[in-house]
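The structure under discussion is supplied below as structure tokens; questions concerning it will follow.
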Amino acid sequence: MNQPTSPMAAPAARVGLHGLLPVIPTPFLAGRADEDSLRRFLDYFLPWLDGYTVLGSTGEAPSLSTAERMRIAEVAMSHTPPGKTVVVGVSHTSVDDSLALARHAQSIGARGVLCAAPYYFITSAPGMLRYLRALDEAIDIELVLYDNPVATGFQLAADTVCEWAALLSNLHTVKLTDHDLAKIDTWHDAGLTVLAGDDPIAFRYLAAGADGAMMIAPSIFPEAFSRLWQLLRAGDVETAYEVFSARVLPLIHVFGIGDEIATSKVVLKDMGLFASAEVLPPLVEASPARSELVRLGYRVAIGKAQAEKSHTAER
Amino acid sequence: MNQPTSPMAAPAARVGLHGLLPVIPTPFLAGRADEDSLRRFLDYFLPWLDGYTVLGSTGEAPSLSTAERMRIAEVAMSHTPPGKTVVVGVSHTSVDDSLALARHAQSIGARGVLCAAPYYFITSAPGMLRYLRALDEAIDIELVLYDNPVATGFQLAADTVCEWAALLSNLHTVKLTDHDLAKIDTWHDAGLTVLAGDDPIAFRYLAAGADGAMMIAPSIFPEAFSRLWQLLRAGDVETAYEVFSARVLPLIHVFGIGDEIATSKVVLKDMGLFASAEVLPPLVEASPARSELVRLGYRVAIGKAQAEKSHTAER
Amino acid sequence: MNQPTSPMAAPAARVGLHGLLPVIPTPFLAGRADEDSLRRFLDYFLPWLDGYTVLGSTGEAPSLSTAERMRIAEVAMSHTPPGKTVVVGVSHTSVDDSLALARHAQSIGARGVLCAAPYYFITSAPGMLRYLRALDEAIDIELVLYDNPVATGFQLAADTVCEWAALLSNLHTVKLTDHDLAKIDTWHDAGLTVLAGDDPIAFRYLAAGADGAMMIAPSIFPEAFSRLWQLLRAGDVETAYEVFSARVLPLIHVFGIGDEIATSKVVLKDMGLFASAEVLPPLVEASPARSELVRLGYRVAIGKAQAEKSHTAER
Amino acid sequence: MNQPTSPMAAPAARVGLHGLLPVIPTPFLAGRADEDSLRRFLDYFLPWLDGYTVLGSTGEAPSLSTAERMRIAEVAMSHTPPGKTVVVGVSHTSVDDSLALARHAQSIGARGVLCAAPYYFITSAPGMLRYLRALDEAIDIELVLYDNPVATGFQLAADTVCEWAALLSNLHTVKLTDHDLAKIDTWHDAGLTVLAGDDPIAFRYLAAGADGAMMIAPSIFPEAFSRLWQLLRAGDVETAYEVFSARVLPLIHVFGIGDEIATSKVVLKDMGLFASAEVLPPLVEASPARSELVRLGYRVAIGKAQAEKSHTAER
């Protein structure tokens, strides 16, 4: 594993993915993926982070056709410097589509694929294993399991994931969006790495030992997140939380819970990175009043960031 | 509207679809759609019913690729005699895929398409309307709205549907799987037809005035269902329920709740209609013990059917 | 254990409760418990059954004050012949109230108490164990655990219950309302008895090896249920299901799902057992149309019962 | 209406309750309510706030007997200076208990009672109205409706609440814990006041026009909350959010989502206000690791508070 820009050393015993790999919103313009905005966005955050996750839920992958998902993955991948970790979301309700997406991701150089439980039928553990096994046999790159009970209606028991990891060749990483943080220790004991998955309780995952983050916020605040992540890896949780509170939290508190994709795009458009704040149906754009509050959240995060700098410099 | 084989007259004021249009399981063999079984199945039930709904949830449509869905719709359509009503499920999480499926359905002669709320993101009413509007503008056939709160996580208020029906050209029919039966009267007042959608409370919908059925059971018991439907249309609810209780209910009680697709296929295979009881992942086949009980349910329904005949003949 | 009227022998290895112990609706008149109706009801079904469960969910216990619950338990107990098994529901959100109810139940001669997870806060396993431990230490009679995920919002893992049973003195019985029937085998392996808890899939529990029933239906159809239970214990599942289908199912299909308390009371009033079909707020009485359909369900069950008798006699 | 310490003027058209009326945790010691801690807590926050809400969910009311709830309300009330608004939670599953609690609250001088949907049975709108009507007829003080879909399983439509308000004498205030903030405008149009109910999205309610707050945070940070509330009433949303972000948010981000009662008590004990961090079953105390993170959140909030003061003073 070669991650020259990563601030941390890889834990010896765990081969799964780690580091800051934010799930990124997909920019759209007139209903189609906006490649220029996507490249601008990558250029903005990649210098600070370990990589990214494209076409997760946040990327509105379920709203896109399989062909369009492949094309967007290619655009992103071809604009990514070597040494960065790219994970491609391959969640689908059809195992054939998931397999096609996973093979394609591997063919273009992705380090891993991210897969949630199929999200129409309420999935059973045996049915999910059957789905994962097909994926596992089709690829040689990391198969990141996405534990997202709210979106998929499927409660994953921590022990079940350990059993699956023992049966599958490529499953060493879990993205945890569930709020049961005790799963982190269980999965660590089984040699799995765990990536923080839900912005509203972001710091709780990190403080509980998550090996990295697959949330949105690091892509909006890459420098601040990189700094607090280094502080965390160095054991300085207190300063890390001061940085997080001052420079990240003011946006997180108002950009959700639930409509983070639409509100993130408001900020990314204001930042000059996205050409529009469009979302695909069935999502809807943030209302003007909602947008105003999110902008305020961003302003306070930025303003606080400056105050924070002078404050901590004085210490 | 021309439905020569329908046992009932069309209600004057309502232009939506009506009658017995069961949602049918899709037969698979070695992981692929089994065309021969599909044709046998159509031949079995079509003489008794008004038509059918292919590639709904029961048809495992979410587990199939869009191309495969189109192919199966073509196979079914080409084996359907004129005068029968065919509805094709076009639910998807991607509006582009839904649109492609809907245009294709219309091109091959379907009378309508069935669309649920997109099922990954928790949908809002404005987001759902945006999705439906795109579909509505793409087709000239009936747009059947699928009210399925359990599978989609989206609670549709009855009044919201009435508002949508006023805004859209092709929405005159709702498939109701929600258990709030008061919606039937609200939608009737708005000129919509309502199709019963959930087998576990099948007769409650019918007794409450549903204009037809998009459930599984009529496809397994087409003769009995046709008879009880005629009785209901003639106002003889009592005899209709006797027929239903004797000839349909013994299977319905044991073939769900929740795994009706897998258990129906056990019965359809035993009946010689399906070559296998396969389901696609993430579903799993019924266990041997589960299969035994479902077979018992079918045997009792059949045995009862014979007893019922002599019983009612004696009256 | 002395159950002279029970059709079955106690399984050697299991000390938990078993047999037909229906959860019974509580009759009300002008907003107060109707003792005369309660006694008539007990007289109606007790000759056929092993006992009953008073003041469960079906008994509207959560809608009653603790003092009123104690009074009703006393009325029922004092009208129950020796040798019958009485279980008293002690579910509450307050452990002090649960304890008072449990001590009272034991003091008046109940064989067991039935306790669900406290139902306001979403309960954790450690919190539930703390609650159960307090109950367990307060009584010497059976502590029946009520696994009811829908009403309590708490998913009980099968293994967790086995762990609790090993830690507690009085927990040997589980009432299973969850639809995960694989729990039955897990709990049997741990020496626990399992009672069927949900009428809509009643026979599936029984066929899967449940040791008895804590549902409503046996109290309405005690003779039929007693007969089918004997058939089941004798291994004749086929005839048992014929009896169930003919004599019980026509009511079950229409008396739920969800409003079984109100609809059962319509039938019990028509049968001359209850003086009224009143329910306490927040429940509401069945509407006239709803009542008509339930009455039809009962009529068909009764009519079928007679046909069934002549039918099986003829064989 | 006489609220001498309130920072705001009462809106002319709305007679409902408003202002900062935090829901307060109930201190326990050795399993019983700790009156000394309760009085210390009131002394701590009351100088800054309009009043408080005792024995809501946060007060663990469902875990207490009705008699104990009355006693705690009396202790709190007798320690409250005149002019402060006290609301007493009367949510229960039994209408008789709710009525007794409401009459008692009125008798001891409460300004209002807070009532959620009964939380065992899934409530229907007619059933809830029946419950509320009984309460409404029993009291002459404000009946605050608690819209809490997660805890009660009941989705309240905004229009339904307006209909109820028109039918009931004392319902002019809603506590909104639902995340559908569009309800605020609907209820304002109907003349109702709306109180913010959920800490994790606290500022979103306030920015959307909520008339006050029934959350936990104002009781922990009364001075900061009083200041930001004044800023909001004066129209300075920007500075209000700066104050909120610096002095409140660092705790809010880590003290939930879901276990705010246990974690708040950790902080209140550290502050010297509560003698213990005990919770009643089925809740469990925060683990040591969980407690450490919450303490860090509080320290950062306090540290920020000091930095914020010098920062804003410098402007």
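When the chains are written out, they are named A, B, C and D in that same order, and each has its own residue count from 1.
Definition applied: a residue touches a chain if its C-beta (ideal position, glycine included) is under 8 Å from a C-beta of that chain, and two chains touch if they have at least 3 such contacts.
In this text, all values refer to a predicted model and were calculated from it rather than measured experimentally.
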Message: For chain B and chain C, which third chains touch each of them?
response: none
Task: Between chain C and chain D, tell me the centre distance in angstrom, where each centre is the average of that chain's C-alpha atoms.
output: 38
Task: Using mean C-alpha positions as chain centres, tell me how far chain A is from chain C in Å, no decimals.
output: 47
- line: Contacts with two or more other chains occur in chain D at residues 258
Field: Touching pairs - complete list by chain label
entry: A-B, A-D, B-C, C-D
Statement: In their shared complex, chain C is touched by residues of chain B numbered 179, 200-204, 207-208, 237-238, 241-242, 245-246, 249-250, 252-254, 256-258, 289, 293, 296-297, 299-301, 303-304, 307, 311
- prompt: Which bits of chain D are touching chain C when the two form their complex?
  reply: 57, 62-66, 68, 93-97, 117-124, 126-128, 130-131, 134, 151, 153, 258, 280-284
